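Just below is one structure, and these are the notes that go with it.
Chain IDs A, B, C and D follow the sequence of writing; residue 1 opens each chain.
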Amino acid sequence: MNINILYAALAPIVAILLGLLYIGIGRKIIARLQRRYGPPFYQQYIDTIKLLAKKTVSSHGVFFSLGPIMGLAGSMVTLLFIPFGSAAPLLSFHGDIILVMYLVVIAPLGMALGVGEGSNPNGSIGMARGLTLMLAYEVPFVLALFSVVLYTHTTSIAQIVQSQAGEWSLLKFHGFNWLTFALPISAIVADICLQGMLGEKPFDQVIAPHEIASGPMVEYGGKYLGMMVINHALHIYIETALFVDIFLGGGPVWFFIPATFSVFILSLIINGVLPRFRIGQALKFYWGVPLILAVIGIIYTMVVIK
Amino acid sequence: MSILNKFRGKSLWMLHYCTGCGAIEMPPVMTSRYDMERFGIIPMATPRQADILLITGYLAVKTLKRVIRTYEQMHSPKWVVGFGACTVNGGMYWDSYATIKKLELYLPVDLYIAGCMPRPEAIMDAFIELRKGISSGKYEGWKKYIENYDWYKKNQAKLFDVKKWSVNYE
Amino acid sequence: MNFTIGHLILVIVGAGIITAIVTKFNRLSGSITALLLSIGIAFVCFYPAFHILPISFTTGDYTFIFNLSTLSRFFLMLFSGMFPLVIMATVSTKPKAHYYFFFYLILASVIGTISSQDLLSFFFFFELMTLFSYLLVIYKKRAIKAGLVYILMGIIGGLSLLLGIFYVFWLSKDFRISVEILKGSYATLFLLSLPFLIKMAAMPVHIWAPDTYKESEDVYTAFLSGVLSKLGIYGLIFFWFTWGIYGLSAWGKVFDVPVTGYIIAWIGAITAFIGAVYALLSEDVKKLLAYSSISQLGYILVGFGIMSSLGWAGALYHTLTHTIFKTMLFIVVAGIIFRLNTTKLSEMGGLIKKMPVSFLTLLVGIIALAGVPPTMGFASKYLIYSALFEKKLFLLTAVVFAASTAAFLYAYRLIHNIFLGPLKTSLKNTKEAPLPFLIPSLILSLFLVMFGFFPGVPLEWINNILMSLGMKSIASTFTTISTSLGGFNGLLSSSIFISIFGIIFILYLILFPKAKWVNDKNTFTAGEVMHNTDLLTYSSHFYRFLEREFGLLIKLSVKKLYDNILGIFEWMFDVARKLLYHGNVNGYVWAIILVTLTFVISFLIGGLR
Amino acid sequence: MSDFITRLKNITGLNIHKEKLYQASLKVDKEKIRKTLLDLKKEGFLQFTTLTCIDWIEEKTFQLVYHLWHREEKLHLKVKIDIDRDAPIVETVSDIYIVAQTYEREVKEMFGVDFKGNKRLIPFILEDWNEIPPMRRDFNTREYVKDMYETEDRTEEIFKPRWKKYD
């Protein structure tokens, strides 16, 4: 238990460092996809430190300043309820997947309040789009989770991870306990939803720098933006860790970190070659094929467990 | 603060104010051919996030007001780069009634890139120069702007009503 | 101290008369009298040393029975607890004498309804409640048209209830429901459910709600939506539990859920979703809250329809949550309307600096509405989802989850359009809402947060109800709720959130230099000076892109369906009028003969049976 | 083409000169401009291309040129009027061709020609302009530039920008 608390205290720092590293390597990979040389992999750290080292702090109001703080706190608390693979369950025995689904929302909600007080219409449009995108991807995603709950008879993430546990060693590879193999359709649906959660193309309507001047971030600069970048890094870690915990069996640290990274890179590669949907199209997309696939996945699960 | 300056030099987020023909030289610099992202330079959408204000081309009095307002909205430390002959001395608009001739009278220009137009190689070279200068703390235009605020405002006031256009007077 | 329900009702009526008389002389002292008396009544209902005894009296061979079951007590406390808070909010609006009189009469009839154990007195008090409620709805002149729809739907519900009661009587020759006789009777089930579905504004019969909520007096709307609509779920549980889950299961099961319950759950889910969509597209703050109310009551129906102990616990928990946050939201909004004199969302904006307390309470309200953890909204959502997961109702889950995500959308729209964005130039001199609006909303938001930390406290209460209804209780402690699938610790998650927030906030205060405050004009507008900051407001048609996507849904509104039905009726009556009132004496004679013949034949058939 | 011009001449009684293959010009009196344009619009000149102004300072006149385009006959017709430079007032044609509203605003701003009846003669592109209209030939640009914008180097005292020169 004490070790667990230590892990919990360290988890946010590790997650921030990992998330920033993922973004940095991701930028390099995107650059290579576009036949560029690309920035160094540690570029994101430099950017973050630079932003935090900016000297001017201009704020539109109390909640404008509190928004990023609330976002960061929301992301960190979510993080603690997601196990770090099978290595450290952190607090995940004290809350289950439904709690996590709602804790994830705190960060955008806090951000939304700050953005709203920024009194810039671009930010408000960005938030309206972000919430709509959430409306779009949550429905298929919750159905994908539903099939997992059907299969494992639990909503606790730690127990879902345990149910996929095999013998983990470098020599012996027991990947076949993964829910990805048991529930392939649901895993695909969840991965499609992950694309929207991470806000990668074709679902980057929220940021859309060319349309709405980077949307929610339009009035944020300097240190606040630094906090938002950290929050984004945390967000990337949370979403990918959730996916790996549920569908790729968590696993020990040497598997967990590369797994989260490859899940992120997969969505980034898709991001690299696609243009952007209109927000209405994104809604139509998610409520079309992925939703039907999710329902098929559930029916498949019901057949499998019988 | 020299360590922080090293970080600042390696991460330059740029707001490009594209008037006139200078804008056409930017796409090759941004994209695969010259790839400025490898130096940590990426274009930004709003002044709040940017470090460099890049002015590519002539500035009419009318656009100068907006540029100054944009500059004042940026978070310091910040730098201004004048790009092309038009920002140096008016260039081909040397006798135009509407465009300004010397940008440094109104904004603290840290670096001029001369030429009509400067080639992408010139821009890259200038960015590297800027990067070195920022890392060593050589470029401090934003400090000068604060120190000599009245001097700059006096110059600006000759062209337009600064009270109406500056964010600091509201 | 012991007293009967009859005493309680009489005392409330008496309090209403006293208040009315005082208000006649002086509005302000009338309001204060009303407030004090209502606090007294709440005290009487809450204080554990006071025992409210059952009462029954017989006239002829009929016995009226009034008794408070565990379920009734829950609702009694809900109603009598909310009552003084709502009354408090009326103080600054200074209403007329009959306003308070009717308000007290509504409370009296509601208490009569929830305590009556026989059908006739239930019907009597239920109808009285509808009538007084109608009289309060039309307190404002603008609401007369909306009130017409309200009373019409009330009458339809009342008739349905009466018909159901007569049917029960025809079956059992008794005005009390007993399980054996009712088994297998769809008709009674339908007739005895319809009035409550109307009260809860479930989807096909919801048409009275948006306009009534929008037009009725602002504070009364809080009571109407937050409190009175809960009578629907009380009625449903009151009648349905008589059948028992096993009795209902006799009609067949879908996914381990009785068919009737499954249908109710689907009605609830569709109500929740469509209500949420209408809410996020509405341009009027009260209409938004009205549709939100419809949507939230849909969740209660979903929980109720699952017919498991988790589902009913979820329904009852959400009843409590919704009562608290919707009453609060309507009171806060009433305060804002009191200052602004407008209900249009596009005429508000940027009020956060002018009304900080209202903002904070509304913020807590929408967090509870969205069901996000530090408030008690999450616990009720959690129970409903657990119930859905447990019974493997995946399509329902999808619809309910879509609805609850849509709730984020309209909740954000509510807070954004009123409080965020640039301050409207016309609202420069707005002041904070008066104290009578703020105090009740602060008290209620305190409850929302407190029960968010200790989600087990209300659940213990609900467990008592479940056990009295013969169902399994939910495993819980003060801080945790656990189900067969999982569980959560409310105190842990909330306190960790608060502490991390605190740590970052302190770091922020230490490390960050003092922020330079910038005004609304100093925003990124591509260098332009916004001389009119109203142009920066993004509030009307906030989700325009969704309007395009949900276009079909909007076109297929239920109201149009009713209009079409009305049109058909008008046409029919027109034809009938032309046939009957043609001015020809022969025709009248024939008509009379025809009607007489019909009666005779029907009597003969009846006799033959 | 020539047929059309001849026909146009016959119908409207105007003195039209053919200049190039698809170009013709016509000079009318200042008072007749509205009537002429109305007639020409009836004949099929539906497109009002632009309105230009020439400052004949020696003759003390402004020449306004209305450029019209006939789509079917492919004829670019220039209708010219002369107005007095000292009292530059002419009647608007913005009710005949709605687009003329903007062109008239521009001419008003750049030359100071007033258009009677134009409902939207508000300032166009110049902001805070206090001098005589800048496109008039008696406006001395050089002098104005010399007054307004300093050209000598005097940033030495404050802050000297660095240079990147490429020859």
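Please note the rule applied: contacts are C-beta pairs under 8 Å (C-beta built on N, C-alpha and C of every residue); 3 or more make two chains touch, one makes a residue touch a chain.
Given the structure is predicted, the values throughout are model-derived calculations rather than measurements.
Student: Could you name all chains that are in contact with chain A and with chain D at the same time?
Tutor: For chain A paired with chain D, the chains in contact with each are B, in label order.
Student: Taking each chain's centre as the mean of its Cα atoms, which chain lies farthest from chain C?
Tutor: D
Student: Mind checking the centre-to-centre distance between chain A and chain B? Centres are C-alpha means, answer in whole Å.
Tutor: Spacing between the chain centres: roughly 37 Å.
Student: Can you check how far apart chain B and chain C are, centre to centre, with Cα atoms defining each centre and the answer in Å?
Tutor: 59
Student: Distance-wise, how many Å sit between the C-alpha centres of chain C and chain D, to the nearest whole number?
Tutor: 68
Student: Would you give the residues of chain A that are in contact with at least 2 other chains, written as numbers and ranges?
Tutor: 55-58, 213, 218-219
Student: Considering chain D alone, which of its residues make contact with at least two other chains?
Tutor: If we look for residues of chain D contacting two or more partner chains, we find none.
Student: Would you mind listing the residues of chain B that make contact with two or more other chains?
Tutor: Residues 46-48, 65 of chain B each touch two or more of the other chains.
Student: Sort out which chains touch which and give me every pair.
Tutor: The list of touching pairs comes to A-B, A-C, B-C, B-D.
Student: Please give the residue numbers of chain B that touch chain D in the complex, ascending.
Tutor: Where chain B meets chain D, its residues are 61-62, 65, 82, 89-90, 94-98, 100-102, 104-105, 108-115, 118-119, 122, 125-126, 129, 133, 139, 141, 144, 148, 151, 158-161.
Student: Going by the contact rule set out above, which residues of chain A touch chain B in the complex?
Tutor: It comes out as residues 27, 31, 34-40, 43, 46-47, 49-50, 53-58, 209-210, 213-214, 217-222, 225.
Student: Name, in rising order, each residue of chain D that touches chain B in their complex.
Tutor: 125-128, 134, 139, 141-142, 144-145, 148-151, 153, 155, 158-166
Student: Sort out for me which residues of chain B touch chain C in the complex.
Tutor: 46-48, 65-67, 69-70, 73, 164-165, 167, 170
Student: Looking at the complex, which residues from chain B come into contact with chain A?
Tutor: Per the touch definition, chain B meets chain A at residues 4, 7-8, 10-11, 13, 31-32, 35, 37-40, 44-51, 74-77.
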